[in-house]
């Protein structure tokens, strides 16, 4: 295993301490592994909390700051954080208007956030609403699975719900935006390589030089199927086709096209993919009004990408363009 | 070779077309492989041009926009662009105040930019001043080499000279800032893996699982020496020590610490490295006033990192904090 | 089961034996979770049970209920992922079932175990055949109940451990319908479930220490 | 050299032969540049010489000077990297030396070649032993000059090609002091220089087509 780390057991704590050192706008509670915006709680504003396993950076800690999250809980690599962390963070960001939990749909994340919400109700009196993201069209037959995974759309929910909270909406209103974004977004991912969980010390799966995995999640897990290595053009087809088959994206407001890197794929390739995807969308009559390209929700050093499409409308567009000031996403501030 | 590309011969053009599609604030001349800010030339402002081989994204094209570059020329992967491109771009960004060429110190880049400047003087009457960056302390004995390479400091020169041009300084003044930044900065890089040039189809060098390269550049070339795989703590020592040995960074203004990813290393590891480096600096009495962490000047999908240290003063700090609005670096706008 | 009944000391031995088994099998659990999950089940359980043993070493909890509750709370607070809330709930529900009893007879222990397993279902909604830890736990409590009438304690627990092991083995041909292995669809077939594997270690540890 | 002297048609043959040799050796040039550079010399030269041949096919340039100038300009515009300006300057300086002559005799060709090599030095500041294309080119022009007095044209060009090949081979033990190979310091020793390798192909192509 070749990584820029010390003891694998310390990687999350040490990265958090690096984040604390690099970003004076953030406050990091190393004991609870929580990243706060330094001025939390913001009085009168709905607090936004997310969290999940580490290894997806900049998600979630890199999205803490004005216009996005108020705090993020970091679990061990690919392991949901625990209820104690979430409870502590919920307390720490409640400015009197309640707290929204943004939860990616994985059994572990859902159960831990559920327990945290139960504890919050019992122990603190802070009003908590949870929104679960589940945008991954790679997961079919939701009846026979744990349901669709929360992937790329999570980034967009955090941005758009964050902007809604900044506009002064109440908890129900912010949660409604978050749900609406989740409903309007779909994603699909693929991997060129596996990744190595530090504590495991070797790649989660083996992938021959001439094969790729289609329909992966963001935890280094293998995908739905393995296919021969293909040109970017065909990979783009394999990702976009199931997205368009699952939802109509020809709405008037156009879409937000988000081409995401899995961690080990450089920008050069992501832009090639962006080109291929946007050409397919143009042919399908899907307009693109906003773009996001880069590694925003990653799987350690996995090479690969995912495509997320979000149907926009005037309101979502305005919330997208609203100022945001976090290490991982910043504009207008 | 596993990459998200089509024909290796088309990768640069296709990526440029992806950049054009994703960023409406940029204008891309696909024939000349030039990325312009869409409102170039800006009348009365010194124009900033850089360029180099592709494969280092976001450098340089991702740094085109208000507060940074006016245009960037893209060469083939790891190959300097040609004088024709530079000449065309120089013409296209001259707003009457002359054009600064920011050139990384590589034989190819220097000679091609030199020929472009000669042609500009002869053909266009546009006043051109060139500044060559050469911050890589891995290159010793400059007498017996092509001189120190331009690496991480190039990003900082583009930002700070861009801000100086925005403040309305004249060509000499902007060039003076660029030179001052280059003089005040030092870098050192390392690789965990090689990278694969698309046209070559296989890794530039072989690196066993238990060895790393120290003192690499940004073109996938092997480094000065190969050492056994070491913990982040020791890698940080190997990078910081030669930087501090080469220049005094204990000045009053503090430093800008830039921990750069080479393309295949995820943020989690970069933050671990940031932590290690900042602890070493603290022990050495070097203050850190500003930070930059992420893949900003890369080597395709190479895993590894580089550390750049820049001595700040009030003026450079102000220029750093000034608004910038580019795909790769954005704040205050 | 232990002629004198199961007291806090016995439960302490059980949980420590479980912790030791987990540590011993950490790499195997990770390997199994690599095939159909995210390669962290070994690290998750090891981290959690180290914390549990540290608490036992502190010696603050006295009595079966307190000890089980402390174990459940610690697992919830340290494991994370899917297994944290599930194993945590398991021990917390056992604690509730035990109440403030000082010593459990066989029936009480079996009832507590069943309550724990019901907690796993309440939390995770798994059904038989979903390819989860439930597929090792459910046959174990059934076997324990069935054996309690006839056999001695040791024999009953051995039967439970054998049933858990068989349940674990039976997960291999199953297609996962819960947890992240379910995302693999048919590709989950042919791999043993990591959670069922750790669950079989739990029951085996009971047979080894409480019999 | 060619009894009737070297005219534009002969130069056209030379440059096409060089292009063919480069294409044939592309992978080798890339491999050599992988060891001590950035793995692009093969692609760079192939791209440039394809463009050069396309220009030759256009047939716009007539006369040796125009043809050499066109070749130099095309290389400058299409190769990039270090080799683009260097090979470009080489042909541009040759063009200047040739002027508007229609047919070059041996001495004029040798003088033009030397002017080209001097252009490489003017642009790149390489000295003998720096482990660059100059280490193949310099011995070639020296050998050509020396042979011109005695031998026939074919013999003189063969001698030049042999000297270029020897010069190329001699780069292997050298430590690079110019170009990106110099960054490797002592690690550049033991590898043949890619630019010297392409330069030897250039001189060999002259021997094959102009002799």
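We call the chains A, B, C and D, going by the order they appear; numbering starts again at 1 in every chain.
Definition applied: a contact is a pair of C-beta atoms (placed from the backbone, for glycine too) under 8 Å apart; a residue touches a chain by one contact, two chains touch by 3 or more.
Computed from a prediction, not measured in an experiment: that's the story for all the values here.
The minimum number of touch steps separating chain A from chain D is 2.
Taking the mean of C-alpha positions as each chain's centre, the chain lying farthest from the centre of chain B is C. The mean-CA centres of chain B and chain D are about 32 angstrom from one another, to the nearest whole unit. Averaging C-alpha coordinates per chain places the centre of chain B 54 Å away from that of chain C. Computed centre separation for the pair chain C/chain D is 75 angstrom, with centres defined by C-alpha atoms. Here the CA centre of chain A is 29 Å from the CA centre of chain B. Across the assembly, chain C contributes no residue that touches 2 or more other chains.
Shared contact sites, meaning residues of chain B that touch two or more other chains, fall at 77. Shown here, the protein chains touch in a chain-like sequence that does not close on itself.
Taken pair by pair, the chains that touch are A-B, A-C, B-D. Residue ranges of chain A in contact with chain B, taken from their complex: 2-7, 11-12, 14-19, 21-23, 54-55, 57-58, 62, 77, 192-193, 209, 212, 229, 231-233, 235, 257, 259, 263-276, 278, 288, 291, 293, 295, 298, 300-301, 303-305, 325, 327, 330-333.
Per the touch definition, chain A reaches chain C in the complex via residues 53, 75-84, 106-108, 111-112, 114-115, 138-141, 144-146, 149, 197, 199-200, 202, 204-205, 217, 219-222, 224-225. Only residues 30, 34-40, 42-44, 47, 76-86, 123-124, 175-180, 182-185, 187 of chain C touch chain A when the two sit together in their complex.
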